[in-house]
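Note that subunit A is present in both complexes that follow, paired respectively with subunit B and with subunit C.
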Partner chain A sequence: MHIKKNLSLAALCLVTVGLHLLTTATGTQFYLTQLTMAAYYGLVVIGLGVMMGYAGQISIGHAGFFAIGGYLAAALTTRNLFAFHDSWIVQGLNSLGLLVAGQDIYGAQLLTVTPWAACGFAVTVAALVALVIGVPVLKLKGHYLAMATLGFGTIVYRVFLASPYFGEADGISEVPAFLLLPDLAGFGPVTINGAADHRVLNFYLAWGILILGMALLLNLIGSRMGRALRSLHSSEEAAEASGIETARCKLQVFVLSAVFAALAGVLLTHFNGGIGPSEASVMKSVRYVALVAVGGMTNLWGTLIMGVGLTFLSLRGVFGVHDDVVFGTILIGVMLFAPKGILSLRLRELGRRLLQGGRS
Partner chain B sequence: MSGAAETPMLALQGVHKRFGGLHAVNDVSFSVAPGSIKAVIGPNGAGKTTLFNLIAGNLPVSAGTIAFLGQEIQGKKTHQIARLGMARTFQNIKLFHGMTTLECVMVGRHVQSRSGFFSGLFNLPSTWREERAIRSRAMELLDFLQIADLAHVEATSLAFGQQRAVEMARALAAEPKLLLLDEPAAGLNIYETAEVARLIGTIRDMGITVLLVEHDMSLVMDISDEIVVLSFGAKLAEDTPANIQKNAEVIKIYLGEDDAG
Partner chain C sequence: MSLDLFFQYLFAGITYGSIYAIVAIGFNIIYNTTGIINFAQGEFVMLGGMISISLLPFMPLGYAIGAAVLITMGIGAVIEMLFIRWLESPSVLRMIIITIGISILLRESALHVWGESIRSLPYFYGNEITTFSFGSVHISPQVVWVIAACAVMMAGLSLFFKSTPIGREMRACAANRTAAQLCGINTRNMVTLSFMLSAGIGALAGCVMSPITYTQYDSGTSLAIKGFTVAILGGLGNSLAAVAAGILLGIIEAFSVSVVPLAFQDAISIAILLLILFVKPHGIFGSSEAARLKDF
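This part shows the complex of A and B:
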């Protein structure tokens, strides 16, 4: 079990390097930009995959957590606090080293929150929101849980769309680079940044974070609490009778998946240099659910491969103007023909099922 | 029953359960002595499974008290009661989909282990020893129930009798003080039923008190120390198997008025 897990993760590292070499060899390094973005979306999808596939709790609101992460990071690192620099809060933050001073292009004084502090705040807020809405919402099951999380996602979308602080329909742009590490060994500082000269570094950062996230989730699935999550999926009654506090387990995995989504939101927003309300939209949430389903629900590797792969194709514009149509179609097709995910299919069997009209 | 100085394993006192107009359990009182096998019998719809669900905390009682080892447990949640040392099996088997037999039994070790969410997430070395212990104890139980060769087979794909055995192993994995068995012989043939009877005897000899609901009279009469008879939610009789067999009222509800005549 452990050996297989470690080998698979090592293989994923090799794939990462392989992708880099492939794009270099074929002169298509510009692909790395979409591969980086796809890795961050992949982080959302695998987090949701553990909650949906393993613990059996659906959420059609995870774009909301992604947006909470992204928007808070964007707003805090761009909104000027200089006008409040006399207030005790700003003074206090400044003395803790959480603020950064600068000048805008007109030479006016700027005072903003550092990306590290903004990231910590954004992810914490997302976790707290998940905790607060999770307590009542996770008592619901099946369609009712789906509806409630859909409602949550819609509220988040509307709030960001309507708030001048969050840029309304324009969103927030000119989000600065995220300085992860200062220049330590003469290789230059490590920043999350979408500029072309940072492309390779950011590709490895994003995929490194994705692999790390994958390792953590694989650990969890194989652990005592992972078994508890999988058991409550099929019978909460039997899980409770075995001494498992199902309400608490569900809440923990909900918060964990929200943290994955929020972190992805923060990092992708710094990489893209901005965020808009479409990131919070219900279609995004549906897309994450579709990707988990395509990956095979209780197959985290399938979820990773499909999540990153299809997102990459979508970002490259392969599906054109029919992007959402394609994802909707994929969702219907998977539910009908491959409820255990694309990777579970054998082609001959697929042909047989198609002939039978999709009755499995 | 009478004059038992030690605390009963389980004591029900005036337990009621109403579902709207239906009085499913009506003023039921009895107790289970430590180390004994007690059976609850009654015709279909007598309230046996409802009574089990009240004891295990799946349903709240409408009135009355249920004490487990002297501690009142009505109003406690199922997982809290499980933690106190009560395990159960289900009439309609509830195994976990997508898990092997071994993993299902490992879930049963939940109350006997401690690793939390974060130590699992980070695969802390402190969890490794516990994980090995969970696995080896679960294997021992599969051995005990003679299904060790099925350890790595998906549990829900097993034959009915084997699934019952997995449920039993899962319940025993918790090292319970009291084991609730909801119709352990339902759907089994007579050989398998005899096997279950022997198994329940062995479990009692391990020091585990057993309370069971059962339809199979031969099983109940063979192994029980005492029997409680329910009819329309109320307790009709409580006695030794020999006396229950002679009880005219019990015969009446089971066989009907004419045959009892």
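This part shows the complex of A and C:
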């Protein structure tokens, strides 16, 4: 088990390098931009995958957590605090080294939160929101859970869309680059931004984070916690009778998946240099659910492959104006014919099923 | 707040509340026969409005609405036969995802057929500025149409369920599916029928509300969430309570405008939904004991 898991992760590292070499060899390095974005979306999808597949709890509100992360990071690193520089809060933050001073293009004084502090704050807020929402929401089951999470996602969307602080329908643009590490050992600083000369670096950063996230989740589902989650998926009563604190387990996974989504939101917002309200929309949440479903609910590798692959195709514009239709069709098709995910299908069996009119 | 303003808000609330109630009844009909919450319910309302608007140039208003209702019922039947009829005891999670998928497909098809433009039917009587005046309170005739349509639909439905053979068969199917099957009722046909019925109800609601609220390809989603709120508020499956709950939500929403900005209006009703789900998931009119026996 351990050897297999480590081998798979090593294979993923090789795939990452392979993708880079392939794009270099074929002169299509511009693909790396979308591959980077797909990796961040992949992070959301695998987090949701553990929540849906292993704990068996649906969430149609994960775009909400993604947006909380992205929007808070964007707002804190762009909104000028200079007007409040006399207040004790801003003074205190400044003395802790959490603020960065600068000048805008007109030469006016700028005082904003550093990306590291903003990232920490955004992810913490998302985790807290997940904690507060999760306690009552996760008591619900089935339709009620689906509607409650859908409602949560819609509220987040409406709030971002209606708040002038978050840019209303325009969203927030000109988000600065995220300086992860300063210039050490002469390699140049490590930053997350979308500039062309940072493309390769960002590609490796995003995929590295994705691999780390994957390793974390694989360890989680192989652990005591993972077994507890699987048992509560099949029968909550039986799990409870075996001494598993089901409510706590569900809540922990919910918060973890929210943190994954929020972190992806922060990083992708810095990479894209902005975020808009469409990132919080219900359609995005549904898309994450579709990606988990198509990869196979209890198959984290399938979820990863399908999540990154389909997101990449979608970002490249392969589906054109039919983007949402494609995801809707995938959702229905997978749920009708292959509820365990595309990768679980054997093609011959599928042919037989179709011939029988799906009556198997 | 002056008394006139109070009544003005009240009537706006009742109008929207009636619409929510109709959507909620659509949810209830399908829930009762199948145990499924049809997440595509709001799309039926949108389709009813859109189809009647498209038919209007070719026929008088009444026929256009009738045809739109029939076509939407047909669409509901086709959807049920294609996606739901042949599934053997699917899990709830699977049904949720399938109906969400259906709602996306319907919405996107509507986008490709009708585009993004906002449309509406003409007022059934008079025009935008025709009003009935009661003292100093002004009411648009369309409001009367909406409330009347809601009332007639309620009366028609309860008559249908109480005194027609098919209605009784559907109720039997709702009470106990296996027992109904043993009595020789074709429960599969009843499920198809319930989809047709709830599609038809939704479509009619979409037609009568179109002059006031306008119709756009994506107007179904928020209606579905509010309709569901109302269905939960009244207790899932209980149609009479849904009317009371719908009007209650409509009134709360109408008065909320005087407290918070309009942009947050949707957030308010969803917050109410969450609150009810957390505190009293069986609804304010539902019984907790009955809820415990249901399989969500």
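Heads up, the rule we're going with is that the second predicted complex is superposed on the first by the 358 of 360 C-alpha atoms of A that agree within 3 Å, B and C clash if a C-alpha of one lies under 4 Å from a C-alpha of the other, contacts with A are read in each partner's own complex, and residues count from 1 in each chain.
We adopt the following convention: a residue touches a chain if its C-beta (ideal position, glycine included) is under 8 Å from a C-beta of that chain, and two chains touch if they have at least 3 such contacts.
Keep in mind it's a predicted model, so treat the numbers as computed, not measured.
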(request) Kindly say whether there is room for both subunit B and subunit C on subunit A in the superposition, answering fit or clash. (result) fit
(request) May I ask you to decide whether A:298 touches subunit B, subunit C, both, or neither, giving the answer as first, second, both or neither? (result) first
(message) In the overlaid three-chain picture, which partner chain does A:231 touch, first (subunit B) or second (subunit C), both, or neither?
(response) first
(message) Just checking: does A:220 make contact with subunit B only, subunit C only, both, or neither of them? Give me first, second, both or neither.
(response) first
(message) So in the superposed three-chain picture, is A:150 touching just subunit B, just subunit C, both, or none of them (first/second/both/neither)?
(response) second
(message) Just to be sure I read the superposition right, which of the two partners does A:332 touch: subunit B = first, subunit C = second, or both, or neither?
(response) second
(request) Determine, for the superposed model, which of the two partners subunit B and subunit C contacts more residues of subunit A. (result) C
(request) In the overlay, answer first, second, both or neither for which of subunit B and subunit C A:241 touches. (result) first
(request) Check the residue A:60 against both partner chains and state whether it touches subunit B (first), subunit C (second), both, or neither. (result) second
(request) Give, as a whole number of angstrom, the minimum Cα separation of subunit B and subunit C in the superposed three-chain arrangement. (result) 7
(request) Under the contact definition given at the top, report the residues of subunit A touching subunit B in one complex and subunit C in the other. (result) none
(message) For the complex, give me every residue of subunit C touching subunit A.
(response) 37, 39, 83, 86-87, 91-94, 96-98, 100-102, 104-105, 107-109, 112, 221-222, 225, 228, 232, 261, 263-264, 266-267, 270-271, 273-274, 277-278, 281, 295-296
(message) Under the definition above, what is the set of subunit A residues touching subunit C in their complex?
(response) 56, 58, 60, 136-137, 139-144, 146-148, 150-152, 154-155, 158-159, 161-162, 282-283, 286, 289-290, 293, 321-322, 324-325, 327-329, 331-332, 335-336, 339, 357-359
(message) With touch defined as at the start, can you tell me which subunit B residues reach subunit A in the complex?
(response) 56-58, 77-79, 82-83, 87-88, 90, 94-99, 103-104, 106-108, 110-111, 113, 115-117, 119-123, 127, 130-131, 134, 170, 174
(request) State the interface residues of subunit A toward subunit B in the complex, per the touch definition above. (result) 216-217, 219-220, 222-228, 230-231, 233-235, 237-246, 249, 252, 256, 298
